[in-house]
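Next, two complexes with chain A in common: one pairs it with chain B, the other with chain C.
Entry: the complex of A and B
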């Protein structure tokens, strides 16, 4: 049985492995090779000169990277605070309502991200759903909060909320009620229980949720374009421009590589920390 | 410690507020879609369904829908087949590289999709393939096939390997077991995976953006119109796409609920 399991395991992993080698691994290798090519070439048969990486520092592209990472960090912290009470309630307090909430949140994920962000533009713009109605009722309007850094962070929080909520709820569900009860019985305060019992025991969920929202937000493009009106340029935006208007594939590849190394490093660190069998409900 | 009544009420209100927060922008889009004016401003003065009529008659729209639908259907079929075997490797069989495999298939989900799309564009280019909706199918698979695999895996974790072993002891071959035992047991997971795959492909924008070449999917067209040159058809098509997706989900939920009550009723009779 053991040897049969081994053989079948390897065989059944093949279809997905082929898909990922052809459509994930190979493209990343192409990006890596393109990133060391001279500027503005379109083929891989040139002498590598690493000039694109010099351009990254010389022409201030590192600023976009820092903006993207900074906004991703802020939105991740906000998401942790916003999602914690709700995840807690989903795991421990709500009964039927957890299912309702789950369905509602998952359904919102199926709506194209740009339709939802466009909806926020209609809601928040001058003469939009909120300002328009307030002005019609009170006669006094206000300036639109659109087109700035805070609204981009708001957009990131909005779009990536499910990616924090579900892992966090899963993590909190792993905190045994007995342990919390014991701590209370021994006289711990609400804060002590939070910091010394719940946070450490829910750590896998916190790590997965934070990493997922951070890496997705760091590579996000639509929020800064649709809501931010390009008040700041996100790194993904620079990458897109390098490929489209700039017609400079090696530069775009080098910028992608820098982002890929940061995100890939974090992602590898994150997935190596979690036991998927435990999280996904192994029964045996 | 049981949560106090007032805390519970606060938490329920908070949950409802979060749902409202998630859906508020869609409310705005829905209102915008029935405004008669070409240039939108709230409060809406005259309502009309004129833009819906134009959307239905437009040939651009039907082209966009055909492309989106073809891509989504192909992605769904391929993802489900790949996910069936992938889930067995992920959760069922104990083989040597199982944990490595589990972690590797998570990587594409963590990657920024825009970067993946561009990487694919360069890869197709260096292979000499001209991008079209067919390359977009490959692009969607990078992200959707792993998600479908995870969904089927949840189901695969919960089934008892003894069922397969019993069939083998009675002389069934590997294919017979897969067809007669494993496939029916994993079926509910595969139906959810198919639903997810279809809807995620239908709504996907970042992966399509660079990989469809001259063809265009619905989310791509909407984005192009949002960024440059507003069209009153944007909210209308947005609403139509959202309503379509939601109807599909609600149908699926209703069918699942009917099947369950039906089964429970039969179990109660026996």
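Entry: the complex of A and C
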């Protein structure tokens, strides 16, 4: 009976396993092999020479990577600071209003990211919604905040807010009210309650939210293209260019591999540090 | 104002919208006593302890600790501390870190903290090896002790307890009740305990306050609450009790609709023209037989017999309702259900609750 169960279990997991291997693992393996091929080849049957990784350093692609990672880091930190009070309110203070807020935030995801970003361009550009109106009324105009690094970070914060907000609210909901009150009763100040009780107990939510928004922001390119006007180049932009205009698949693959290894390593490290089951609502 | 009291409440009122949870409460708690506030759910006892600890603000009145008014002091600056019903241990810290939490907040040196934590583990009879254990590895009773140790580490003027034993099973609860009483004696601290179980209160407390609908019905030592309750509410709160209506006419003659009263029997506190309830606990009611004559007697039919372990409880149906009698197992009554029995008791074992005329 036991062996039959096992056989049936293996059998029923087969379709999904096949789909995963074919659609997820195979392309990854192809990319990994392409990344060690000589420049500008379109076949996997060449002699590996790792030249693409040399190009990454020689031709300054590492700068794009650093920009992407840096902006992702800054936007993640900003998101944490901005979302903490809001998530706190959603988890503990707002009652029915939490649902309204959730629906409002989720609704924004129904509109394509590019369209929302172009909406910001129309709002913020010189002669756009804001500057145009102010100039028409007062006669005094000002420079557009578009096309710089700060506006890219703003775009990242704006686009990835839901990915921080909801996990964080989940995490904060896991902090029992009693532990907070007990710490306060034992003489802790509000800051001490925050750092010694709330942050550690909400850690799974903080880690999941931070990982999601960092990973997504590090691989983002629409914000730097549309809002940033390519003031700085994101690594995802370089990857796209290498595969399309550059017709250099090995370079694109190498850049992808570098990004995958860094982000994958970070994700594994983060996930290993927290109890993910806790936030998924399962008991250990 | 009694200045010898450690904690004093004067006219404490707490309103939630239109609902008045506390209706002007006065209370004096003496230093070093084990004071228990008992009441059914909704009586306002939880509201009261939240005010005492500082987790809520009062609507009117004042709270004084020694000579200082504390009701406007935030909870983290009050020299008092509470053991929560949920215990509220910090799950991300070890037993040792939990106990040392208040000491760490005061920036005590790590070595001194550790020494104090180990002292407290000893005091609560937890092995010192528990210092490095995680909270999730401790049993219910052990967690209880850790929570107590943490509260004692804070070294509060008053230690509050919000029904910390209510979630435990019966046997563990009984053990911990005694341990708590013992701990009170050894530490000499002032304990203020909240519970819905008067039985629990009886075991541990020096004094008990019975709470009903936002006010204190009676504040007295445990014995007095049991033997001389001031109202039907208090009498019935402590388990089984038999109450019989009594009145005295203007000449002082005592009459009852149910009880047969021996001529010349006097009842304390029953003045001519007054009326009230005569209380007798089930264990004081006797079955009549032989020559023995009782001050009060009545007859009824034996309705039921229930074994309570060491005692047996009988229910006797009378014209005045069900009367409960308890006997030790060896004094078991030789009668079967439906049989006519006569029961009686003397004035000395009764307590008269006077009712306003």
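Descriptive notes on the structure:
To be clear about the criterion, the second predicted complex is superposed on the first by the 257 of 284 C-alpha atoms of A that agree within 3 Å, B and C clash if a C-alpha of one lies under 4 Å from a C-alpha of the other, contacts with A are read in each partner's own complex, and residues count from 1 in each chain.
By our rule, a residue touches a chain if its C-beta (ideal position, glycine included) is under 8 Å from a C-beta of that chain, and two chains touch if they have at least 3 such contacts.
Remember, it's a predicted structure, so these values are computed and weren't measured experimentally.
Contacts of A:70 after superposition: neither chain B nor chain C is touched.
Judged by the touch definition given at the top, the superposed model places A:189 against chain C, while chain B stays out of reach. Once the two complexes are overlaid on the shared chain, A:229 sits clear of chain B and of chain C alike. Counting the residues of chain A touched by each of chain B and chain C gives the higher count for B.
Judged by the touch definition given at the top, the superposed model places A:201 against chain C, while chain B stays out of reach.
Once chain A of one complex is fitted onto chain A of the other, the partner contacts of A:145 are absent, as it touches neither chain B nor chain C.
Shared-chain residue A:181: touches chain B and chain C both.
Residues 181, 184 of chain A lie at the contact with chain B in one complex and at the contact with chain C in the other. The residues of chain A lying in touch with chain C in their complex are 176, 178-179, 181-189, 192, 196-197, 200-201, 203. Those residues of chain C lying in contact with chain A across their complex are 53-55, 75-77, 81-82, 84, 86-92, 101-102, 105-106, 150-151, 154. Chain contact summary for the complex, chain B toward chain A: residues 1, 3, 7-8, 11-12, 14-15, 18-19, 21-29, 31-32, 40-43, 78, 81-83, 85-86, 88-89, 91-99, 101-108, 110-116, 118-123, 125-126, 138-139, 141-142, 145-146, 149-150, 153-154, 157-158, 161, 165, 174, 199-200, 202-206, 210, 218-219, 222-223, 226-227, 234-235, 238, 241-242, 245-246, 249, 253. For chain A in complex with chain B, the touching residues are 1-2, 5-17, 19-20, 22-24, 26-28, 30-31, 34, 42-44, 85-86, 88-90, 92-94, 97, 101, 103-105, 107-123, 127-129, 131-133, 136, 158, 161, 180-181, 184, 211-212, 215-216, 218-222, 225-226, 236, 239-240, 243, 249, 252-253, 256, 259-260, 263-264, 267-268, 270-272, 276-277, 280-284.
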